[in-house]
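Below: one structure in structure tokens.
First chain written, first letter: the chains are A, B and C, and each begins at residue 1.
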């Protein structure tokens, strides 16, 4: 932890990324209480208003809804889905990956085959087909499907780090002591493998934001009037000539969040893994 | 050599297995769809007898397992079934043109991003820690963070709305082919390039740095060989290996990206066909498209694995996993 | 490098069908109109979903057509028609007309078309309307007599319905209808790439030698509303028959393009009278009191009330003579709250609203009414689905919905379909003996003055106790200035035979 803070102090770019992430986190937590409008509030007097007119700091869309308020509200759903799906896929992935790597060769082979099969469908295609076929996506269904799609990758990382640790002395010692398998896996090995798992989880976090945004764009994400960022971009693409702000600000929101998380993920990987 | 063949055989076997299991999974998945297909086709005003007649004529009244085997045996004979929405229109007549278009698009993107990202990745590695490196790394990060539809919209604003150089909508005029309209490939391919450039250039940079710091390159420099010669002949060759893997593994992103980009530009490819099929719930079309994407994707990752195994004997001994 | 090679070989193999596909250079010196249409679902007449109208309207023909200017009837395949008192109808048919496959058109084809509506295997959308037919008699090759079970003084207007194209009795529409549509129309299908485009060429044997005025119709099927407009702006097409009001606003500044409101479509907000909370008329009234027509007009159509956009609480289009103006109710939140409290919902009520999210105005309309109704205590949860899912899964089953309705030249057609207790599309589940008897009397009444009186009475009933809000939205068509004589009446059937291009 100390080295982490030490490195953080030295790196301006990462400080900036952390600031952006904190900003969006705050926006998601308390933002909706602070913004001047609800995300559905219609101001028909001021539709397509440019930024900074009539209290609309980032302008309005074709229905006269406040872009800033919609973006801030939208940060909630995207954080919820991205955070929970990366957490869920990490937990499930670690469980599966550890079990596969720890037990017999047969379990491992079966596991690898199963993961290969899930990974054989590109994430976005899988999510699009499932959500499109089921219809009426919710935060829960989005979270679940994105998690399922990401479990194999996480599980493979977890498995390979476990394979690296399995033959080490402390594991052998624990076995000789007669500890249970679960104890060895999660009390002995897990604390020594947190670094790569954390790095993998942060990378998943960035990916899932992109996936959720793309699903919104394809029209199979959250349904209107939810202010989904991807959906805002595509809904307002039609008015890009009249009101570029209605497209550019949500796009900027997506980009800033993904860039910030990617920088942090890069930094974490550098500090936690390579310079250990 | 024998080991290599075992390795290839195992990869191929797992490919076939994957495809068989996948086909069953995809079939099951689409079966889960709520609502009755016949009812969806005929709409709300349809009478019960009409729905029943349609169910019978499409074989929808048979059990799912039986329908799966009918479907599979059709696939093996090259009969992909009929679109639900367009009675009498075979999936074959819809699909293959679109597949060819998508492959042309993917190939164009490939031609753009592979040399570009390898070149800039190497430059960044050689100039490690300098301004050029920071700029390239940041651009890589930024383009990687923009989903295809965002970069696509930006490209449209720049090249179509402002400069008016390229068409906003990538359609092929009636009576013409893609060959006479190659212009329509440019913007969609660029949007894909944006995302892929980030991944590949970053991977190229880090593997190149790894190689440049390795002992034998250092000893080559000590021998007094020219720096450019070392980079080209020794370092690059070794540093390309991980990059190939990254390209292969990111084929999944590429296909996801195709769906997004084709929808954004109205490009007549497989991805936009799949999206239309999903939205109109055209089940035979969904099943075939997903299966085909899976096959192409699996094939490309397996090929990467094999290629990697051929180039790097170490992997074969470790069972294909690092 | 190997990988690239492998990819290249694969690509060349796959691209093979591309180059061998019937590539024809655009013929020069021929007049062509290029149209960007919606992607159609089913297109076979009888089950046609009304998308991609340019395609079917140009290939098929009807007994009669509607004049886009004054809504009067004009002869097409029927040269004239007459009836006794509305029970027995005689149609005289045009001679010398041929189908695109060369077979001659005669009275037996009309008989086939009418009887096909009752064929259960077809699943015909007009089955209920044409169940009134008792017998179709072929008098001679060009005279057909239709005998009805009841008096229907406006029966001929039913023949303008877009699913009533006249079909050849020799052609296999069940198997060919989706792939190779075939009729007597001014244009012949030359080639079609499903879900992508269709090329129609001039019918050289068309019965009116003056028509059509152009040689080719090139129809592109594009799902994205915005992409279609972009194609028009970029000069890739000449006509976009369905654009959004926002796009219309943008195109207003483009001197090359004109936007016309071809006719008005309707959006019915329907409150089922057998479900809570709308089973109580006070709740329906409370909801009506929350609506603000001016805000709806601005949000949906970026226009003022009146010019092409209208709000009423009766199903009759305000442009038709049958419309009876009861004035606007006016927004009154206080009154709405009071009515809700009176009905037993003092702290408001939550209700799910179902609608088609990919229909023009769908998202805007649902979100605006939810917002307008909120202050009175209506918590409206929006349930949007794609159009086909909405229609097949939710429409007619749910208690609160928005549905798009096309124009019908005779309001009686609509009333029988959607508001009679026996109507097949009775969205609000109305079982009102007063409305039923008025609809029956309208359908059977020959005297126009008396009919109008019944219409007025009916509309008062809808205003006071009805379960409907009717939003009339303009059907906006964008045209390049080169296009002349675009003719699109409210039957939805577009008449490209009169259209020319410079």
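One rule holds for everything that comes next: a residue touches a chain if its C-beta (ideal position, glycine included) is under 8 Å from a C-beta of that chain, and two chains touch if they have at least 3 such contacts.
Please read all numbers here as calculations on a predicted model, not as lab measurements.
Of the two chain pairs examined here, A-C and B-C, it is B-C that is joined by more C-beta pairs in contact. Put simply, the chain farthest from chain B by mean CA position is C.
For the pair chain A and chain B, the distance between mean C-alpha positions equals 22 Å. Put simply, the C-alpha centre of chain A and that of chain C have 44 angstrom between them. Chain centres here are Cα averages; for chain B and chain C they lie 40 Å apart.
Listed for chain A are residues 135, 219, 237, 241, each touching two or more other chains.
The set of chain B residues touching two or more other chains comprises 34, 263, 279, 281. Each of residues 358, 386, 389 in chain C touches at least two other chains. Contacts from chain B toward chain A in the complex involve residues 14, 17-18, 21-22, 25, 29-30, 32-34, 141-142, 144-150, 153-154, 156-157, 161, 251-253, 255-257, 259-260, 263-264, 274-275, 278-279, 281, 286, 290, 293-294, 297-298, 301, 321-322. Those residues of chain A whose C-beta lies close enough to touch chain C in the complex are 40-42, 44, 47, 62-64, 135-136, 219, 223-225, 235, 237-239, 241-242. By the touch criterion given at the top, residues 112-113, 116-117, 119-125, 128-130, 132-135, 156, 160, 163, 206, 210-211, 213-214, 217-220, 230, 233-234, 237, 240-241, 244, 247, 251, 254-255, 258-259, 262-263, 266 of chain A touch chain B in their complex. Listing the residues of chain C that touch chain B in their complex gives 2-4, 6-8, 10-11, 14-19, 21-26, 39, 41-42, 44, 47, 49, 120-123, 125, 127-128, 174-179, 191, 193-199, 218, 220, 222-224, 227, 230-231, 233-234, 236, 358, 386, 388-389, 391-393, 395-396, 424-425.
By the touch criterion stated above, chain B contacts chain C in their complex at residues 34-35, 39-47, 49-51, 53-54, 83, 85-89, 93-94, 96-97, 99-101, 103-104, 107, 110, 114, 160, 167-169, 171, 173-180, 244, 247-248, 263, 266, 268, 273, 276, 279-281, 303-304, 307.
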